[in-house]
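Look at the two complexes coming up: chain A is in both, with chain B in one and chain C in the other.
On to the complex of A and B.
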């Protein structure tokens, strides 16, 4: 055997296991999901049903409603993540004391399981004995206790708030890392030219961060639009479907409604949405140029 | 000079207020978990109580199956982490050393896999696992968790292995080391910070995962912590002090782990996630 052939074989031995494993735990289940989306099960009989499930999903009002809620939820969450994350990062960037400790403290909501974080918030927002109602009442913001998860509007705002609480730290850390790459002499030069804080932000910080902000928000959109746990735990899509985002509709269709074919079809449609952003994201970061990860 | 001191003070005030908002839910979780049941429904609620005790923790660990849930979480999470990081180390070495050009399409493939909606994958997993009778087994959970943990760890490790110069491999080869020797004795020790970071992260995402275990465990004794905690909300009369004690038990391990290894955490996020 020639040297290069032997070398290639050794290479296969190193990457082979992961390849097979990924096929088993990702590629195969994913293809099976497609298969399920093209079949209909009644009792013990499963038969090919073509695009019936897709047709059913796309003509069902619930799908379009969930898509609308998903767009609103993702839009609100990502906008707030980026805005608050940017503000916090600018704030923390100037602080030298207890730098890492502060960062880790801010990161805590992101470290805790979303399902557990959502459970904590269920207790905070409890209508009768929850501390949020008590505190807001004590400082005079509200007169009567609110049922935070009881009315459509409030419930939507509540799940957005919890997702913001959980999602901001991560974005903040990304932006902080970005801020540190901005050369300090740019700021010094601007100061000498008499630029104020706002001008420095507008003409140095923002242009330098632009790429990072676009990358981070795409990534954040992908992560938020497919996220299930927080809404699943807090409202399961209620009240009256006000928080029923696509992943929640999918879960409810499959595991409450027992309509797996239709759920898989909804999942494939959700996948297409995610894929569109993923392609944009990958084109943007261009791993083929050796920048990833 | 004087003005910047005021600005500094204002900055600190803002930081502390935000920190208070961010951390308050955790304080309230801890506070509630330490209260006796009789004090939960007091109005106004108590922020500090002379009656604080560990009773709720004892109840949760002895009268409820949370010790078992902790064990389940630990077995599944450690199993997933060891499996993923081991396989990932081999693959990262293989790709960066033997197929450097193939590494790029593979990384793109991994990025796509990382972005799959788990709610979609959960359906085939549920059907496949129930048809082969693997519901309520550690094996099913470890396999399911690998579907998100493995792409993630391979992707991160390829980045770390790329940063180890190829000259080192050549030097080892000239010294007569085989590929396996080079891998185990030269490259792995050099990649140790990367391995630690990736293992930590894999541990974190596996420990915090919820939906997979929710769907793949129907037997209450096989739940993991996140599912056990969230399920208590559905009880007829929620014992909030016990529920918060359970939440502390679920959250404490990752918090402790990461407060000890804060540097790794911050480095891994900023090096890994920015670009992808």
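On to the complex of A and C.
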């Protein structure tokens, strides 16, 4: 065996286990889901149905409604994650006291399991006995208890708020890491040239963070659009479908409706949407756009 | 060489014998999953049932699967699809049987004595059948009735001995019971099938029907009596303001919490709700009374739920599972469930049991249940439509009362399409 062949074999030997692992945890489940999506399944009874499930999902009003809710939910959550995350990161980057304690405090919601956090908020927002209504009533903001999860607008706002509570720390952490890589001398030079805080932020901080913000928002979109747990626990998609995002529709179709083929088709469509977002953002961050660090 | 071979053969034989003995001594382990094992009032009963069963059957172990009510079905389905479902389960029989998750029990029950088979009425057994085959043994049930808070009724100047019999009387009572942070009742619109159960009792109490006889058509709006009942019931939460706020998030838990805290004066539920209320607030013990559901027609039926124990299709020990189901269905445990957890026995031979008769409220529920229809309704997609489509329509109508008729017409069309697509 020649040396280059031997070297190639060694390379394959190193890559092989990882390749097999990825096949087992990524390729096989995705292929299986796609295979199921081509079948009409009723419990343990299955028959091949081609693209019927895709046709059924795409012609179902519920799918388009859930897609609309998903877009609104993801848009609102990601925008708020980025905005609040950026503000908090700037704050933590500047302050000189209790830095570690504040970081830990801000990170706490992210450490809590989503279902646990959602259950806590479910009780905090309970209309009759919940702490939120009690506090708002005590300071005179509301006269009668609000049904936070009982009306479409409030329920949507509530699940967005809880998602923001949980999602901001991760974005904050990413941005904080980015802020700490910006060379201090750029700020010093700008200060000598008479730049104020806003100009320093606008012309130094933001350009330096641009690539990171795009990456963070890409990750956040991908993460948020497939969120199930918070909404599943707090509203199960209600009231009247106001918070029924695609993953909740998928879950309800699979486990409440026992239509696993159709649910798998919804899952594949959701994957395509996520992939589209990912490709769009990757193209934006390509070096020829001049945004890479 | 020969010695070595003999020694090796001896060692192999010893090893095989040891493995064989160990396997022979290995008890059969079966899992048991119902939606109710996590309910506190039932805990002492199921623990005692398992302990006595295992003592009587040393070769069999029963492992309870504790799962929250709302995750019960999901967990079962996920396990059933993986052919790893718990051996003994209590699920919606028609839906589970239709999906192939359950094992027919006919051969087991036919092997039992005539006395055992006769303990359940043919009607009761038919509620546990799908396409003529028996998939569950009825274990316990609950009859829906109107449960009142005696103190609140008395404080409102009403007579607990004369509870409302008609809707008009119920409305008059509700107006008197509402005020000072207390509401007459709670309208259920939360995302569980309890919402549908209560809605059906209102429809039936007006002489309406939600479905046609063979369950191929929905008639929530098509039947004028049904629509009238829906509007009246949901109206209690709307313009009437007689029901607790936030109905779209009110489920069984919220309803019983509100009742236990004295926030609502009446609740429509089964006997087990009284046990839950007493557990939540011991001060409520003896402070409740029950009456038949107010109705606009004579002899209006109420609803009796039927919970059956079944054997999952993938159970490797069906004989042992049947043994446990039979044990659990015994008179002794039926009475214990009724006495401790307020779950009504379904056996014919217990109607005149002295222990059942000794509990006046239970006896009253049994009496009310003589005019009951069984629940769940016989459709393989019942679990989906009862906790999904119907609840969505109720929520929409609660949020847009002026569109109630339109919403339920849409529901009729949607459900009819689904029922015919089965």
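By our rule, the second predicted complex is superposed on the first by the 252 of 293 C-alpha atoms of A that agree within 3 Å, B and C clash if a C-alpha of one lies under 4 Å from a C-alpha of the other, contacts with A are read in each partner's own complex, and residues count from 1 in each chain.
Operating definition for what follows: contacts are C-beta pairs under 8 Å (C-beta built on N, C-alpha and C of every residue); 3 or more make two chains touch, one makes a residue touch a chain.
Here the structure is a predicted model, which means the values were calculated and not measured.
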Which superposed partner A:23 touches (first chain B, second chain C, both, neither): neither
Message: Contact-wise, after the overlay, does A:284 reach chain B, chain C, both or neither (first, second, both, neither)?
response: neither
Statement: Larger residue footprint on chain A, choosing between chain B and chain C, goes to B
Query: Which partner does A:111 reach: the first (chain B), the second (chain C), both, or neither?
result: first
Message: Just to be sure I read the superposition right, which of the two partners does A:98 touch: chain B = first, chain C = second, or both, or neither?
response: neither
Query: Should A:142 be classified as contacting the first partner (chain B), the second (chain C), both, or neither?
result: neither
Message: On the A-aligned overlay, A:44 touches which partner chain: chain B = first, chain C = second, or both, or neither?
response: second
- prompt: Does chain B (first) or chain C (second) touch A:276, or do both, or does neither?
  reply: neither
Task: Have a look at where A:240 lands relative to chain B and chain C in the superposition and call it first, second, both or neither.
output: second
- request: Considering only the touch criterion stated at the top, classify A:129 as touching first (chain B), second (chain C), both, or neither.
  value: both
- prompt: For chain A, which residues lie in the overlap of the chain B contacts and the chain C contacts?
  reply: 126, 128-129, 255, 260
Statement: Note: in the complex, chain A contacts chain B through residues 7-8, 10-15, 17-19, 21-22, 24-26, 29-30, 32-33, 35-36, 88, 91-92, 94-95, 100-109, 111-124, 126, 128-129, 131, 134, 138, 165, 169-170, 173-174, 176-178, 212, 215-216, 219, 222, 226, 228-229, 232-233, 247, 250-251, 254-255, 260, 263-264, 267-268, 270-271, 274-275, 278, 281-282, 285, 287-288, 290-293
Field: Contacting residues of chain C [partner chain A, same complex]
entry: 73-74, 77-78, 80-81, 95-96, 98-101, 189-191, 244-249, 254, 257-258, 261, 263, 313, 381, 383-384, 387-388, 391-392, 395-396, 398-399
Query: Taking the complex as given, what residues does chain B use to touch chain A?
result: 11-12, 14-15, 18-19, 22-23, 25-26, 28-29, 32, 40-41, 43-45, 87-88, 90-91, 93-95, 97-99, 104, 107-108, 111-113, 115-128, 143-144, 146-147, 150-151, 154-156, 158-159, 162, 179, 183, 204, 207-211, 215, 225-227, 229-230, 232-233, 240, 243-244, 247, 250-251, 254-255, 258-259, 262-263, 265-266, 269-276
Query: Which part of chain A faces chain C closely enough to touch in the complex?
result: 42-45, 126-129, 144-145, 147, 149-152, 235-241, 252, 255-258, 260
